[in-house]
Amino acid sequence: DSGLSENLHLQKQFRSLGILSARTGGGPQIMSMDEAVKATNTQVVSIQMPRDTKGGAGHGSLIIVGGDDVSDVRRAIEVALAAVPTHFGDVYNSPAGHLELQYTARASEAAHFAFNAPIGKAYGLIAGAPAGIGVVMGDTALKAANVDVLSFASPAYGTSFSNEGILHISGDSGAVRQAVIAAREVGLDLLGTLAGKPKNDFPSYI
Amino acid sequence: DSGLSENLHLQKQFRSLGILSARTGGGPQIMSMDEAVKATNTQVVSIQMPRDTKGGAGHGSLIIVGGDDVSDVRRAIEVALAAVPTHFGDVYNSPAGHLELQYTARASEAAHFAFNAPIGKAYGLIAGAPAGIGVVMGDTALKAANVDVLSFASPAYGTSFSNEGILHISGDSGAVRQAVIAAREVGLDLLGTLAGKPKNDFPSYI
Amino acid sequence: DSGLSENLHLQKQFRSLGILSARTGGGPQIMSMDEAVKATNTQVVSIQMPRDTKGGAGHGSLIIVGGDDVSDVRRAIEVALAAVPTHFGDVYNSPAGHLELQYTARASEAAHFAFNAPIGKAYGLIAGAPAGIGVVMGDTALKAANVDVLSFASPAYGTSFSNEGILHISGDSGAVRQAVIAAREVGLDLLGTLAGKPKNDFPSYI
């Protein structure tokens, strides 16, 4: 309904809208939609990150894509949903917190919309919760490889008051990947000291 | 104490203050207070919505009313508390999220204060969590009846980063009620597909 | 890494940084760091309070201190960690919410950074959750002793949307302590009516 879409704070109006909404996870859904908009004739028109994860330390997500054709929009949602398990592959949980790593060799619209990733360049997301773990992971990543810092999000800056430290990086694909992998290693060590070995629910993809 | 009330960010100073505060629920308490201020010689001076619900997707509430007579204020709190179970009648929960529907034929001060509802006109609140369900419910409501959109709240706009989509509507009482009922139906269907049939703890009142 | 520290929103740059990060608790960690910076050659450069407590009503914390010597920074973290149990001594939990009381005869940098406490003067923190309990505790405190109100934080003002009412006071050390103790008494009574007697995990220190 046009009365609704005018009140949805969308970046642009479209005839059809597709919605991806989750209690747990922002990064996995955003990176999945990043693939979906690359593969379909759709655009990202809103990305919002509630403070959720059902009592956990992180975010949920509300992502809206638009297209002029309903079949394109439906296809985008299908592609994104199919990619979500992959992008949970480097999300590691323990009772004390979580880690999240994301990597793409070519960032597209969703990573740009949400995290200001330069389109077409490699992008990496390095997150740790509680936030102090994310700070150490970010430091490790930047010492491991020569990459550009896009931003560092923390409870009071660039998150929805989540208890996360999140480094966003860009640059040469090999360097970004190397930085992400180095951060994952130290994150698993640190979080593992608090409440047992962190576990991922899907196979690692990075 | 005056040193406190000056720091409470109240809209207006009164000799007596009444407090309604909850971990779970914003809408039910606000609509209950809406009845209470109609029935007593009191005014709403603050409505704040923490991100709470004890790990759920929504809000809690802190509502403060003021009056020049302590017995008026006490009466307002009694009336509001008595009305709370009714206004939880169309709150439906499942492990995946929740729905909330509220309706009044004549909005008063609390609905005006919190949601900008025009005083004396019919008002409806249509909420779904996770937020995407609220978007679809809102769309359904606006297609079902000819009502005015007051606003649509979502994780990044008009909520405290809750994982809800919340449509606020006003208009002819029959139309508002019809829109709310249509939204409830689609909300129960959608949330029901995720983690079993959503349940209300008190009888539906709409 | 300097690329990280430039993006950490630190008040001042240092060669070494120490990090104290927790899922549960802001006040206890901040007051513990307040002792630590008094005892070491370090400075507070960031205090952030996520909305956390693992589904509870309050905050977590991310505190960063800086120093020119790594051994000073390490010592600050050790002192702070050793003080944390003491500062949880007047944190009382029940399934319905929590209370937190803090008191120092001489506030230092961390209490100043986080809560604007005048350095060198007595400072008290009086918090109740759900927020309405904090309002009543604050009122009781201000009626019990002649102290200065620094601020009152609540879900929409000065918290990260936590469900807390938090009074920050300063003044004569005897008066601040008396106000804190009076507030604790009424807080234990009120929270105790909701879901059983609130319990502290460590011995009370105030």
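We call the chains A, B and C, going by the order they appear; numbering starts again at 1 in every chain.
In this text, contacts are C-beta pairs under 8 Å (C-beta built on N, C-alpha and C of every residue); 3 or more make two chains touch, one makes a residue touch a chain.
It should be emphasised that the depicted structure is a prediction, and the values quoted were computed from it without experimental measurement.
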Between subunit B and its twin subunit C, rotation from the CA superposition, multiple of 5 degrees: 120
Same or different residue numbers at the subunit A/subunit B copy interface, by half rule: different
Separation of subunit A from subunit B, taking each centre as the mean of its C-alpha atoms, in whole Å: 32
In subunit B, residues with contacts to at least two other chains: 51, 54-55, 161
Residues of subunit A touching subunit B in the complex: 1, 3-4, 6-9, 19-23, 48-52, 54-55, 60, 62, 64, 160-161
Residue numbers on subunit B that touch subunit A, as the complex places them: 51, 54-57, 96-97, 129-133, 135-136, 138-139, 142-143, 149, 151-152, 154-157, 159, 161-165, 167
